[in-house]
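The following block contains the structure, expressed as structure tokens.
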Amino acid sequence: MFYHVKELQYQAKPERPDPIFARKLQEVLGGQFGEMTVALQYLFQGWSTRGDGKYRDLLFDTGAEELAHIEMLATMIARLLDGAPIGDTEEAAKNPVVGAILGGMNPQHVIVSGLGAMPADSNGNRWDAKYMIASGNLLADFRANLNAESQGRLQVVRLYEETSDRGVRDMLSWLIARDTMHQNQWAAAIAELEEKEGLVVPSTFPRELEKREVSYTLFNLSRGNESACGRWASGPSMDGCGTFQYVENPQPLAPKPVLAPAPPYIHDTPPGVLKDGPLMPPM
Amino acid sequence: MFYHVKELQYQAKPERPDPIFARKLQEVLGGQFGEMTVALQYLFQGWSTRGDGKYRDLLFDTGAEELAHIEMLATMIARLLDGAPIGDTEEAAKNPVVGAILGGMNPQHVIVSGLGAMPADSNGNRWDAKYMIASGNLLADFRANLNAESQGRLQVVRLYEETSDRGVRDMLSWLIARDTMHQNQWAAAIAELEEKEGLVVPSTFPRELEKREVSYTLFNLSRGNESACGRWASGPSMDGCGTFQYVENPQPLAPKPVLAPAPPYIHDTPPGVLKDGPLMPPM
Amino acid sequence: MFYHVKELQYQAKPERPDPIFARKLQEVLGGQFGEMTVALQYLFQGWSTRGDGKYRDLLFDTGAEELAHIEMLATMIARLLDGAPIGDTEEAAKNPVVGAILGGMNPQHVIVSGLGAMPADSNGNRWDAKYMIASGNLLADFRANLNAESQGRLQVVRLYEETSDRGVRDMLSWLIARDTMHQNQWAAAIAELEEKEGLVVPSTFPRELEKREVSYTLFNLSRGNESACGRWASGPSMDGCGTFQYVENPQPLAPKPVLAPAPPYIHDTPPGVLKDGPLMPPM
Amino acid sequence: MFYHVKELQYQAKPERPDPIFARKLQEVLGGQFGEMTVALQYLFQGWSTRGDGKYRDLLFDTGAEELAHIEMLATMIARLLDGAPIGDTEEAAKNPVVGAILGGMNPQHVIVSGLGAMPADSNGNRWDAKYMIASGNLLADFRANLNAESQGRLQVVRLYEETSDRGVRDMLSWLIARDTMHQNQWAAAIAELEEKEGLVVPSTFPRELEKREVSYTLFNLSRGNESACGRWASGPSMDGCGTFQYVENPQPLAPKPVLAPAPPYIHDTPPGVLKDGPLMPPM
Amino acid sequence: MFYHVKELQYQAKPERPDPIFARKLQEVLGGQFGEMTVALQYLFQGWSTRGDGKYRDLLFDTGAEELAHIEMLATMIARLLDGAPIGDTEEAAKNPVVGAILGGMNPQHVIVSGLGAMPADSNGNRWDAKYMIASGNLLADFRANLNAESQGRLQVVRLYEETSDRGVRDMLSWLIARDTMHQNQWAAAIAELEEKEGLVVPSTFPRELEKREVSYTLFNLSRGNESACGRWASGPSMDGCGTFQYVENPQPLAPKPVLAPAPPYIHDTPPGVLKDGPLMPPM
Amino acid sequence: MFYHVKELQYQAKPERPDPIFARKLQEVLGGQFGEMTVALQYLFQGWSTRGDGKYRDLLFDTGAEELAHIEMLATMIARLLDGAPIGDTEEAAKNPVVGAILGGMNPQHVIVSGLGAMPADSNGNRWDAKYMIASGNLLADFRANLNAESQGRLQVVRLYEETSDRGVRDMLSWLIARDTMHQNQWAAAIAELEEKEGLVVPSTFPRELEKREVSYTLFNLSRGNESACGRWASGPSMDGCGTFQYVENPQPLAPKPVLAPAPPYIHDTPPGVLKDGPLMPPM
């Protein structure tokens, strides 16, 4: 269950409006690694955790915080859109600055949302739950989370470079710090789980059932062997259970497949036609 | 540039057709963590690598292999669909086994693809490039890759449990082994990069520009403090640059935001109406 | 900012697992009118409200509650999936009940989410922010909300009819009651705003700028005139500003448009070809 | 069955080309509340009406008209694109007006559609049937329709403000008038149905089966009680069947849920790992 | 402009309900090559035709007919859903026939549409305007149309094989005949345009500007040279302007690309890290 | 199975960066008819071909080549993005050229991909497997392929017109030539199959089962009879099996459908309400 307070977790006040930056900032609200993704991802992971305890609690702590970040970004975007210019576009374009703004802002910020934030990315693509990950296996999912916080911090840093507004930078530098924490936090949780379960997800599948002869083999399938120099190509494997091997000239292990013909009721290309047999008259 | 050989990297022959399993197997071909995702993800990461050397080569090696896995799965699915039953559904349903098959298979495997594999998941959702990740930052992206191989191996293992067909299991146990390698491989590459760059992505943003007072803080935003027991809540941070802190009762740091009214040409709810002022007659 | 407590707003405990119903129940979690839609819709409407006061507060009250409903449904779905059967599908299909379950459940509930709820509808389509509405105009948006609660209650009622599990029905009857409140609540807010602004959204566009000669006209464009009998076809208009009219045989008001040819650099079909002129030799 | 005439329902002729406005105008052709949505929504509602009579006829009347509006907008957009500039973008950008046009127009209007309208919104997102609503319950659906016409008129009004072209404004003011009618019309139909069925959709679910103790209760889940002042918080409910109540400090009604562990064949995080028990060696 | 009559172009009456077949039939209503695709595709092509005359008229004739086919299919689907069973799924599953129906039908046909047709395919994916094609070049688009009618007839034929209901087959055999016409019609229009413009689209690009040395070359990029036997590998080209050639061992024509490093403000992997230089301490 | 070489099939080097053109060029990489579509389309068609021989080989030859084209385009786009400007947008906008670039480029090329190509079109919509076609019937699919190469060449030609960069034009003119080949090649394959199977797909459905009375009939459903002048309206049909006919005033062939009421458990609008009977009190 959730309680809301109207105060913000951290301030979200730009020095001045900037509708183009409002559009860009949408990326970390409603893009692939925006706050909507992490908020819902952590909450769904928590709801799916079959059992209780610290991991579940950690997921809810962080999920609730990400909801607050959506709120901060939505507030910031609304303020960046304050008084966004409209009017006759061709007229406006005669003033290069106004023209650039009109060209560069998201037209839906006027037409659709009436100067409000949208659940969308910097190109106006609506947020999609295809971005989310919750598998029931926490080691797998914490890797997803570490990745999300890495991609997210990278994007916020790039946005920081794209503005000189001190109010915007203030908020972004706060979000960057939170992403530092969240990368550290998921790294810590991963370290704990790897200590308990080992490196390979899922840990519960009996290793003797996999084809262990290729469990530590790098196939050199792109000509040139620069990849032979990496830690992944020789020496003990990262999970401590094998030795990396490098196959210079990998070959197919199975013959060319030939599929059986389809039954007539499927109306695929008839076998006779495929076989290049005698021509058949049209029906 | 790519060269194709028609031989398969590994065999893909079921003991017998099984249209329901064909549908399920689509998940690891065209789902969020299917082979289409990793193949294209690794290739795009390689194409975007700004420079040369072993990481780029490794990405192309692995991307090319994943293309071969798409091929194996497409072949296996086509064979699982051999002779899939059709006919009058209500009649068929009188035979429970046939009824269950008709109910459980993907109808598009007949109507749309004519007994061929589809670029879709186990619910028939077409593959979407929203699943892919390529950021230009390899440490971030290798974490995405480690996650993808973790989710992928987990899904293949679950599919292994859902069939007793020895031919299918033979292929799956080969794919499971390859995922073992790929988890090890990306873990190795991550270890190398973390040794060079440190834990936090991106490593190049000056730390003094982030709000360091919250860089290692866990906010307890879900009532109950089980999360205080984890490695992430106290002691040195994973990046070695700080100390984890736990805030039992986190409070807002900024006041309630009140947004400025929209200009009249936006036609949002007029300020007077929001303010609960005197009623205005309709125009 | 948001605080989470782990207790549920209302209980979510089925009498027994039912994986097929788990799939169906996804509709009101992650479908077009599921709880994800309304939770995010109300919160975004609140964040975009330019001003302060009771409407903004009401939106946050209700948005926070809908988050709790997501949580209840996610919990219920996980429990309905408890011990979901897997195993060899063809074998299983020989037991009709198991066969029907395997055919009718969502395969991703095993393969992807590991017996957890998904952010998806009853056909496994992931939730999409295209479902959401937040325009900055509260009268418009409250109509969207009234519709969402109407569609939502209708769907929950249909689901109630599809189960006899007393635990499930208990929770659904609670959600149905909440939807009763929410329909009443948005109806009340609409009534208030209509009293202030009138019926037509937006109220701020000068009526003399619209083509008032067709502002109250019903064009009979489907042969047969049953529609002439409705309240919308004669008498005073609902907004009190006009009189409904019925046009039995509506005619076009403008001639057939003919578009100018495209410039050559567009490489559309050349005008000469369109005009059926003399044949041109291929280049 | 449908008959087409090539004459337009109303004229669609701009004074001059304006490729940026062409992009914006796409919103009301192929956006969430564009003419494609309402045309198909009304027709599907009509086709699903189980019975005959005036509502079905009204839906077809209006659906057929919306098809004519798609046609008008497609014609207008094509004309706004007449002679759209292309050429070397960097060169062009040296002329600020041309640069702004090139920056602000939809590049697919050249590359993909060859100066034709697209089934897409103002950000180039293709139209999606996820926007549509047809439930079989007309009271629910007419509320969807009233909302669609409210959002639609709001968007057209905003577009009107963004151009000074008298030809464009002429057509928009006609569409605005039609949306006035359609808001009035659906409001009339809703009034009729509410008189017959009451306020709450669906009207046919026995009220004694819902948890009536929360059917008229507002839970104050966002701190601050501005929402207590609304008509929705006290007094008789809008449906006349209850009394609104305001709960200042809502509490959870059910304990914290703990989910049962998953079966081993699901390969979720093992219960022992979740329980923070003794470390297990990797397999 | 469009006029609707309520009579159907052709009858749409099944002998008996069949909810599973209703689900399947959705494919040709709302799938990739369903009637929604062709109706809107032909109409948009017509609206974008820059000029007048027989092609534009043909597009409107056919587009209007496809609207009538949507109507027939929507009617048929509603009737196939008459009295669709619901109730407790586990109970129902004990009767194999009912169990198979519940497992095989689209749950949204009950929950969402209330026994009405949906704008979706046989897996419940909503129709998407990404399926549509309208380029402004009629020769290109008529090829799209010929393909659409080929895929469409193939799908309807497969559906015909999946039912024994005489009413359904009657309607399908009518649609199959219409697809025969439409394949013939677009083939005729293509033949006309090819006679005027030649084979290659667009005909208006000066041939001397393309790299003519590879305009008729087949590169053998899949090992094995079965493809050398086709009409495409030797002899005069189809457009009469060249001679087909077969390259047995195609080689790259350009060196390995190495991309320049990104500027620091992009925060990609730093060049020093890529170059495998000395380790840098974390910041 | 696939082997990669790092050399490019053809060079991909612009004279100078051009971030706006980079955005546009995405269309033919990740748009509806971009190289991702054709690469995956041809490969899936090959994998689904039930049999062996030249058609399968041709599909793999061409599919492998299209993978090389993705690579060329990805390389070109990365180079066009070299040193893309960022910085304060409002400042930048004061320089019209920089302002136009910032307004016209894809912001995700900075924020998301770090100056790399994206699997998306020129509006930033991610690639979607809904674009792909593989039906199991080669005559149908080769028509899809001919269309794809026609649309694709048209788009590349339009892009050629939009740049004066000699490096970009050099690569585009190579791709244009390849599309010339591919149009010729699929036309040749179609000619072969039509000679064997006849014009109408699928060729295997018995013609006597279709309603042959409408197999060659053009219904004039758009007022005006320009379409009567085409080759499709009279004379022998293209498949040689019939005679084209033109119906000037087509009439419905079936009465107005009236659907049966829904069962009560569906909660559609009750029949009594539809029938306009006496008012019922709310429950």
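By written order: A, B, C, D, E and F. Residues from 1 in each chain.
Everything that follows uses one rule, which is that a contact is a pair of C-beta atoms (placed from the backbone, for glycine too) under 8 Å apart; a residue touches a chain by one contact, two chains touch by 3 or more.
Quick caveat, the model's predicted, so the values are computed rather than measured.
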Give the chains in contact with both subunit D and subunit F, ordered by label. A, B, C, E
Going chain by chain, each one touching the next, work out the least steps from subunit A to subunit D. 1
Please pick, from A-D, A-C or C-D, the pair whose interface repeats that of D-F, with more than half of the contact pairs identical by residue number. A-D
Can you compute the centre-to-centre distance for subunit A and subunit E, using the mean CA position of each chain? Integer Å is fine. 29
Do you know which subunit B residues sit against two or more other chains? 1-9, 32, 48, 50, 52-55, 57, 60-61, 63-64, 68, 75, 78, 86, 96, 99-100, 103-104, 110, 112, 114-115, 123-126, 128, 130, 135-137, 139, 154, 157-158, 161, 199-200, 202, 205, 221-222, 224, 229, 239, 252, 256, 259-260, 262, 265-268, 276
Touch graph of the chains shown: is it line, ring, star, complete or other? complete
Taking the touch rule as given, give the residues of subunit D at its contact with subunit A in the complex, in rising order. 18, 20-21, 23-24, 27, 31-32, 96-97, 99-101, 103-104, 121-125, 154-155, 158-159, 161-165, 221-224, 252, 256, 258-262, 264, 266-271, 273-276, 279-283
Quick check on the complex: what are the subunit B residues that touch subunit F? 1-9, 30, 36, 40, 43-44, 47-48, 50, 57, 60-61, 63-64, 67-68, 70-71, 74-75, 78, 112-120, 126-130, 132, 134-137
In the complex, go through subunit E and note every residue touching subunit F. 5-13, 32, 52-58, 60-65, 68, 75, 78-79, 82-83, 86, 110, 114-115, 128, 130-131, 133, 135, 137, 139-140, 143-144, 146-147, 150-151, 153-154, 157, 160, 173-174, 176-178, 180-181, 183-185, 187-189, 191-192, 199-202, 205, 209-222, 224-232, 237-239, 242, 244, 250, 252-257, 259-260, 262-263, 265-268
Could you please specify the touching residues of subunit C with respect to subunit B in the complex? 1-6, 48-55, 86-94, 96, 99-100, 102-104, 106-108, 110-112, 114, 123-126, 135-139, 193, 195-200, 202-207, 239-241
Enumerate the contact residues on subunit A facing subunit E in the complex. 154, 157-158, 161, 229, 265-267, 276
